Each structure stands twice: as C-alpha cells, then as structure tokens.
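See below for the structure under consideration.
Naming follows writing order (A, B, C and D), and every chain is counted from residue 1.
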Amino acid sequence: MPQITAQTSGVFAIAPTPFLPDGRLDLASLDRLVDFYEDVQVDGLTLLGQLGEAPKLTHQESVEVVAAVLRRTSLPVVVGVSAPGFGTMQVLTDEVMALGAAGVMVAPPTSLRTDDQIVGYYTTVGTRLGADVPIVVQDYPLTFSVVMTPGVIGRIATEVPSVVMLKHEDWPGLEKISALRASEAAGTTRRLSVLCGNGGTFLDFEMSRGADGAMTGYCFPELLVDVVRLSAAGATDQAHDLFDAHLPLIRYEQQPGTGLAVRKHVLTRRGLLAHDTQRAPGRSLTAREVTEVDYLLARLARRDPRAKVD
Amino acid sequence: MPQITAQTSGVFAIAPTPFLPDGRLDLASLDRLVDFYEDVQVDGLTLLGQLGEAPKLTHQESVEVVAAVLRRTSLPVVVGVSAPGFGTMQVLTDEVMALGAAGVMVAPPTSLRTDDQIVGYYTTVGTRLGADVPIVVQDYPLTFSVVMTPGVIGRIATEVPSVVMLKHEDWPGLEKISALRASEAAGTTRRLSVLCGNGGTFLDFEMSRGADGAMTGYCFPELLVDVVRLSAAGATDQAHDLFDAHLPLIRYEQQPGTGLAVRKHVLTRRGLLAHDTQRAPGRSLTAREVTEVDYLLARLARRDPRAKVD
Amino acid sequence: MPQITAQTSGVFAIAPTPFLPDGRLDLASLDRLVDFYEDVQVDGLTLLGQLGEAPKLTHQESVEVVAAVLRRTSLPVVVGVSAPGFGTMQVLTDEVMALGAAGVMVAPPTSLRTDDQIVGYYTTVGTRLGADVPIVVQDYPLTFSVVMTPGVIGRIATEVPSVVMLKHEDWPGLEKISALRASEAAGTTRRLSVLCGNGGTFLDFEMSRGADGAMTGYCFPELLVDVVRLSAAGATDQAHDLFDAHLPLIRYEQQPGTGLAVRKHVLTRRGLLAHDTQRAPGRSLTAREVTEVDYLLARLARRDPRAKVD
Amino acid sequence: MPQITAQTSGVFAIAPTPFLPDGRLDLASLDRLVDFYEDVQVDGLTLLGQLGEAPKLTHQESVEVVAAVLRRTSLPVVVGVSAPGFGTMQVLTDEVMALGAAGVMVAPPTSLRTDDQIVGYYTTVGTRLGADVPIVVQDYPLTFSVVMTPGVIGRIATEVPSVVMLKHEDWPGLEKISALRASEAAGTTRRLSVLCGNGGTFLDFEMSRGADGAMTGYCFPELLVDVVRLSAAGATDQAHDLFDAHLPLIRYEQQPGTGLAVRKHVLTRRGLLAHDTQRAPGRSLTAREVTEVDYLLARLARRDPRAKVD
C-alpha cells in the first residue's frame, strides 16, 4: 500500500464520519463519499480527525471506518490516532497500519507548553509507534493551545525520522511556511511535506508560500483540488478568482464548533451523506443557519457554476 | 456631548493609534484619520481598543490621544479603559468622560471563568465607574478566553444599568445575536445596542440577525458603513455583493497579531497615516506580506472601484 | 455488589497502577496493594484515576485491572472512566459495572467554560451511562481548568439523579464545602457525598467543614483513615496532631507531576509495590529526591511510630 | 542606594499594601510594617507584587507606597513593575529607581507560550528599562501560565545582562533549582540570585538545593529568616523542625485567592496592620476561616513560642 512521504503533495480530503439518525455508523454514505473523493481526484484521504468526530467513536468503530474506506479505495489514507495515552495510540496505529493506512496523524496534548515538552512528546510518539509508521504532526494552536515555532518543527524533523508531514493550521501561518521552507533551503531543517488545514481559509496564499497542498474538509473538495493545481501551474489569478468565489462559504464553514454542521449539511444537500447527523455534543444547523448556508450556496453557484447544488 | 445608549446604531470605527518612526505619538496623522472617518460618515469612533495599542501607551499618552480626537470631532467617542485594576480604570474613565467621551469599553480579565465571576466583575465595574458612565461590554473570547453566554449577558444587563452596549465578537456569534434578540423580545433581557467586531468577518449576516451595526477597524470603513446601511435598507443582495468583494482582504486583515500591521499598511497606502509604525512588540509587514496585501488591493479595486488605492 | 450512594462516607483509597520494569501490568503487586488497603480498613477503592495512570492503559488493560481488583476484594470500587468521547466512556462503564464496580468517576473535559456547558456535559453523561450507574463528579480545577461553583454542582445534582458523589479537590476548597452543605441544609441542593482529594492537604479542616471523608492516594492511607475517624468522633486536636506529623510528606507528595513518583517510591519502600515504575511520560525520583523523601520518612517515623518504614 | 546583584541572598519580605477600611492607603501601618521587617532582620523588601495588590493601585499610589518605604528604611527594596505595556512599565521603573529602589521585578504576560517568546519578552524589557536597572524575573507558572525551562532562564541570563535574580516559584521546583545550579557550575549559564516564593511551602528543601534565600510574604517572616540562616549554617534538622512547626499555617496561607486575607488577618492580629482591608475584588476572611486560622495560631504558639500572638 502507498505510504505518505516528505514529498507527498496535493489534496488530502478530511472525510467526515457519516452517522444514521440513531447515531450508528452509516457505511453506505461513507462508500459514497469515498467514491466522490476519487471522482474529484483528490490525492488522498484523512480519517478520524477532529472533524471526523474521532473522539466520539469507540475503538471498534474507528477500526471499522478505516477498514471500510481501505476496502473501497486505493488512495493513500492518513488516520488520526491522537489519544490521551500512548497505549491506546499504539493499539489503534498497529491496527490501521496493518489494514493498509498510509500514515497516522498525531495532535499534541493540550498540556504541552515548552519547546522541549513538544519535541519530547513527538520523540516518544516516534519511538512508540515504530520507525516504519509515517507520522503527520498536527500544528493547530487554536484548538490545541500548543504553539510550535518553526524551530521546534525543525527539531522534531531532526529527532523523529518517521515524521514526514506537517498538517499546517497555525493562524496566522503564512510566514511560518516561508520560515520552514527557508530553513529547509538553508539545510537546517529536513524537508517535510506541508499540507494546509484551517478549512482552506488561506489556501490561495499558502500555495505560493511553498505549501505542498491541502489537508482539510471543505465541503467542495473540488475547489481545493483546483486551487492547488492552478497554483502549482502558475495560474495565480485564476486560482484566486476561483478561491474568492468560495471564500464566503469557506469562511462560514470555518466557524469553530459550527463548521462541521455546515459541512455535513452541504454534503447532505450534495447527495453524498444520507443524513447530517452528528453524535453528541454535536448539533445540526438551526433553521436560520440553513437559510444562510443555502443563500451562500445560491450565490456561489452563480460564480462557480460547477458548484451548483440541486 | 453625545453619549452612547442602548439604542445606538451604525458604525463605530476603531481608530489605530498613529506613531512616528521613533515611536512617539503622531497627532497629525490622528487628525487626518478623524477627518477621514467623518468624511466617510461613520457614526462614532472607538479609541484605545486592543488594536489601538492601548496597553502600549502611558496614561498621559492615552489622555492625550482622547483629548486630541475630542477636540477635532463632535462624533461620539468610546474609549477603551480596560486595566488590570479598578483604580487605574477609574482614573482614566474620569479623565476621558470629563473630556467628553461618549462612554467606555471594558474587556473582561482573562482569569474569569464562571458565570458568577463574569457578572460580578461587571457589577463592580458599574459601581466603581458610577451610574452616569455608559459602559460597553467587550465579548471577545478568542482574545480574552472568557466565554459569556446570552444568559450571562442578560444578567449583566439586569444588574448593571449603565451597561448599554455589547461589542459582539464571539466566534461563532450569529446564533448568539439571535438568542439575545429573542430574549429581549421575550422581555427577559433589557435591550442592549449590539455592535459587531471581528474585523467585520461576519457583518453580512450579523445585520440580518439583529445587530445594530459594527464596531471594528477594517481598513475600509466605507465598506462597513455601506453594508450596515444597505442591510438596514433591506438591500441584502447588494450588501452581500459589496461585502464579498472585500472579504479576501477582510480575511487577510483578521489574522491575529498580524492584522494591525495590515491595517496600518493600508491606511498608510491610503495616505491617512504617515507611517505604519507599531510600538513593540508589534511589527511591520514583511516584504512578502506587502506583496500579498497589494495584490489583494489591486483585485479589490477591480470589484469595488471606490476602493482604489493609488 | 455494593454501590456508592449520596450517603457514602469514609476513605476511598486511590490505587496506583503497578507496572513491571518493562511496563507490563504487575498484577501481583496489585493484589498485595488491595490486601493492604483492606488491612488498613479503608472504606472503598478508586481505580484508574489520573494518578492511576488511566490514560496510559489500553482499554483491555483497564478492564484487566478492574477485574483483578474486583476478584480480590468486596470493598466498593469506583472506576475512573473519563474519555474524550461518550462512546469510549460508555463501553468502559458498561464493562466495569458488569464486573461489579460500585460507580464511575468522570472528570470534565478541559474545554468546558460556562456554567451551562458544565451542567450540559454531566447531563449528557448521566443520560448516556444510564440511570443505574452511580456517578462521581470530579471537581479538580487545577488539573482540568474547569471551575464549578457550588451553584453549578447544585444544578448537576438536580438535573442528573445518578450523580451521587463529589470528588472535591478545588483549591481553595473549604468555603465551597461549607457553601454546599449550607445549600443542602436550606433544601436548595440535593445531598451529595463529598470525598476530598488534593492528596489530603486540607483534610484536617475539610472534615469539620462537612466532608464525608477522603478519596485520595496519599502513600499512608492509614493517616487518612485515622483523621477521618478521629474527626468524626470529635477528637479534633488528636486528628490535627496526627495530620501535622504527616503534612511535610503530604506536601512533598502533592507536587504536580512529581507526586506519583513519590507515592510509588514510598509504596515500594513499604513493600507493597515491587517496582516504582511509571509508564511514559512518567519518571522515577531522582537520587536527590529519594534522599529528601527518605529524610521526610525518617522524621515522620519519629512523630508517628506506626509510619515507620524499614 | 544598594542595588540587588546576582550575589544577593537572604530574605526579601514581600510587603502587603495596607489600606484603611474605606480603601485609602494606610501609610501609618506601612511604616509599622517596615520597622517590623527591620526588627526581624530581613535582608530586603519587595513592594507591589501580586500579593501587594499592585494592580489595584493607581500609578500615583504606587509611587507613594514606594516613596514612603524608601524614606523609612535603608534596606534594598525591589519593586514590582509588571504592566500590560512597556510604556507604563518604563514610567514606573524610572520613578522608583530615581527614588532609590534596588531593582524591579517583572512577571511574564500570560499570553507567552514558546521559548522564543519568553526570551524575546525579557530581552525587550532589558532594552527598554536600560542597562542600569537590575531586573528580577518572576517564574510563577501557576499564576501566569508561562512555563520557563532552566534552558530558557539560562538564555535570558545570557541575553539580558541586567537580569540578576530569579524569583523562583515554579511548582514543583526543586529539580529546577538543581538544574540551574548545575548549569551554572558547568559554565553554561551565568549565575543568578535565586530567591524562592510560593509562600515558603518548600523553603526547607529549596535551601539545600542551592537557593540563595526567600522572597515571599509569609506572615511570620521570622521563620523565613531562621530557616534561611539555619540552612546556610548547616543546621538542617533544626531548620526542618522550625519549618515543620509553621507548615500547617504556611499551607493554609498558600491558598490561591484566600492567602492574602489570611496574611492580612495575621498581620493585623500581630498589631502590624491596623486593618485587614483588601481592595476589591479581595475579601476578608469569613468567620469560619478566622476560627481556623486562630486555631492554627494557637497550635503554632505551642510549637514555636516566639510565634505567640496575643
């Protein structure tokens, strides 16, 4: 099976976990989602991230989701394995790697503060998971309250050879990408693949700063694919035009705590999810929010006709 | 002098504090800014907020800035008086109210956690500042880590009669506006003026949710004025069209820690500030950021010709 | 099997989880510990708390520890089931209750801020775990950053009938116990059993404030048992004399992050644990710390001869 | 006037700020306190710390307190000058240094996270205050949420020559003192004076770890003086005996938020303060707390007859 490396690029779509109205896993919708992601030509998938409602699944369900996706696709699949302890992390990692995952993603515990604590944490992760498991470091201070400087990321790259990718979602983050790439160019830091999150909110400029692509779950992954390819091809204005058409919705989807409801609503409207159900403590959109999202969708369809939702 | 009330509406522009390259106050630029705000027909000004670099001024400088603005304009002026202790807050409040300020804005200390602590804090503020000083409560959890539910805001409104306005910048915040307005309609909560911040990022929908306007410092206050007036006039599509044209720049300006540099850069490009200087620990834009902002300005000018910057 | 109720009182010893030097569970030491706790006449046990290194165990190991203890003793056993999601919490709860646990303990997620969020969380916990599972609310702001007022605890008691006990370890916490008991006396709040943690640091006064006992893991549980019984019997001076003799060690053991190493060291010195091993990221005492603890043990033995360690 | 240096040792008593019942400064009590501190032979004083209620004073009052103390004593006096901005910090520093202060103490803003941010902050402080103002770095993570590793403290020592002292109150902190001293011995870190805070809770062992003394406000500074001198003289057992007698009260006084009320109560009982008044949001002890403190005082007087309070 393909594994992620420090050269991986493109779009890794973060898949939401579909549920039936009674809260059980909806594997039929998951199959449909996977087929859709293949159709729109993403380069990989990410399962069980924060917006995949990972903490709400039991261990058995987590494995079930990963197994279902890996049966359906040959795309590389990154799996979120963050856990309060190394034991649980290791058990899940071993199972999903055995199933054929392309790597695992690990978020830092919110208690980490100092540079040494952060580097130490990922060093232990690397040792525990084993040298042959490619690791994605998730750098998301807004959610995890852990701030990693470019220097710290460089130290992790040096001390943990199995770390191959940074899921970049610091905010602001543009200068950080430039600093990392400059440090790599200077030979100070080993190269990492940098895929950007934050719902895509800065993807237009992240690409020109040196990012390798996106890893996020915006409800129109086609847009992510297009922006990444147009940017890579040097068609900057075109990339921005397309991006700007989507930005009102991207911005609306990027509301903490509400964003996943928006995402599931749109994916349901698009016929990919059968239901927009979240497990507790998630909630569906209010009637007012539905009106607003539908208004944004109608406006979007006028600017990007391919984004028409029936 | 005019004071703010629970019926105040429109746009209160948050003015940055202009500095000379050596860090001294630049009162000439401040005069120019004030004239500009009058020209674009904002409804009021806010001084010494977070993005007015208030904590970087000495007490004497703070008073000097307020006095200079109040000499120049008859617009209502709200002054940020947040301080680690009530003594300092009271001294500054007394001075600026004597100079003719329209009210004061108070942010919650980051140590507050429980509902009772928050209500208790504003109760003490109200008592200390006196019944005749109109107070704006700043609700900005992203920066202050203090989360106020609609119920807590309602309790503050009940227990502190001098609180007349909410500077709303929770994120997400749309449902909160609806909840507050519903509670007012039900007679549970006393009406407060609700002016929205967050750099204007959600102003398009905040107006239809029931906000009375905006209090923020986006570098094109004309846009805020237009969106508020178009929304109030029911010209929703037009308001969104204009808003969407500005959103790529609004989004770029709303980066924590970087946003003020963007704002000062654009205001300098617009000939309003003589310099984009910030006091430490602020910084100017990097060359790369300047390129990006200028690119956004050029794109903006094509969609909103009035936003052309020479 | 006995279950905890709102009338439960006495000492629930928090058992550390014993490991072999290679990190595997040491069930022989666990048996020895359980026998020891019975010998010193504690009233119950608590497993898989923070200081039981719960997050470091896999699900299977967690169940194994609980099963081993329940095979060995007929004391009531409370099990920590805190988890990032309700699914995992429910699976563990169902298993340990089926094995005969007396109740479960749930800590609040560190993301909770407002009163409503806290009450809402425990309401969901109560609904998910089912009406017949007695719940202990863990009130430990120093570790979890969640502050519960007496009013919030009262609301939880009202809205979640299966909550029967408060593990009280707010700091400071004496006035909180008084406030809770006063609220119960006034009929405002349903009675909860209040067992105190914090390593016992304030147990001398907590008892006279109205606590029902202790739930903590101090390395001399005999002291906890004595202080609780002497206090209950009105022998206040005697309780304080004994407590004061232990306070230098209690204080030393109550150092965040270091305390468990002290505790495991002393329990090893006492012949109860075969090893003082912690799983990563825990550590053993440094040589210097060993010297200090041994010095404290020697001094303690002179003041409380029963606390002599060979 | 004497200034603090990297060789300063002994006890710097943190003086509370005395208030009259109506909240005005009580300078008569302040004089009495200063005389008392001289009588018990402390080596210096610290004014306007957290427990000096510094944030509750206006600038003018702050200067008034410092001036009054410096008129009364020739002891070296450290002044807390922490402020949200450098402007205010600098104005206060200039004034108190001109009055004859021995140095200033600066706490880190709670927003600092990374190693570089912390070092950068103190570098700016050093530059702004000027090379001739001796600086004390306050390392108090429990209150400020800023975690400084020994390495970071070493970097500050290297990059900011005017930093001469560490107010050490990390918790746990014993290993940190050893690490700092080892780093100094190895020539990696420039020597700093290390005076310990935390109300004295670990002073017994801090001295043998290499601390130079204490900087804290325990209500019996005589005890701090004795423990420091006995420890320095190698009379370890005697130091511990005395310390242990006070520990029940030290522990009670070290309750966050409540501790200052205890301290002011005891200093009032001792005839040094005329009133135990705190400014809002402080509070006096409840009747129940008074009973508990008086009980502890009575017990203490039996173990340390010099600590008798009439």
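Assume a residue touches a chain if its C-beta (ideal position, glycine included) is under 8 Å from a C-beta of that chain, and two chains touch if they have at least 3 such contacts.
The structure displayed is predicted, hence computed values, not measured ones.
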item	value
Equivalent-chain rotation between chain C and chain A, CA atoms, steps of 5 degrees	180
Chain D against chain A, contact positions shared by both copies (same if over half, else different)	same
Longest centre-to-centre distance from chain D, chain (CA-based)	A
Chain A-chain C separation of Cα centroids, rounded to whole Å	38
Averaged-CA centre spacing for the pair chain D and chain A, given as whole angstrom	48
Rounded Å distance between chain A and chain B, as computed from the means of their C-alpha atoms	33
Shared interface positions of chain A, touching two or more other chains	none
Of all residues in chain C, those that touch chain B in their complex	113-117, 146-149, 151-152
Of chain D, residues touching chain B in the complex	53-59, 61, 83-88, 91, 110, 120-121, 124, 128, 279-281
Touch list for chain C against partner chain D, complex	171-172, 174-175, 178, 201-202, 204-205, 209, 240, 243-244, 247-248, 251-252, 255-258, 286, 288-289, 292, 299
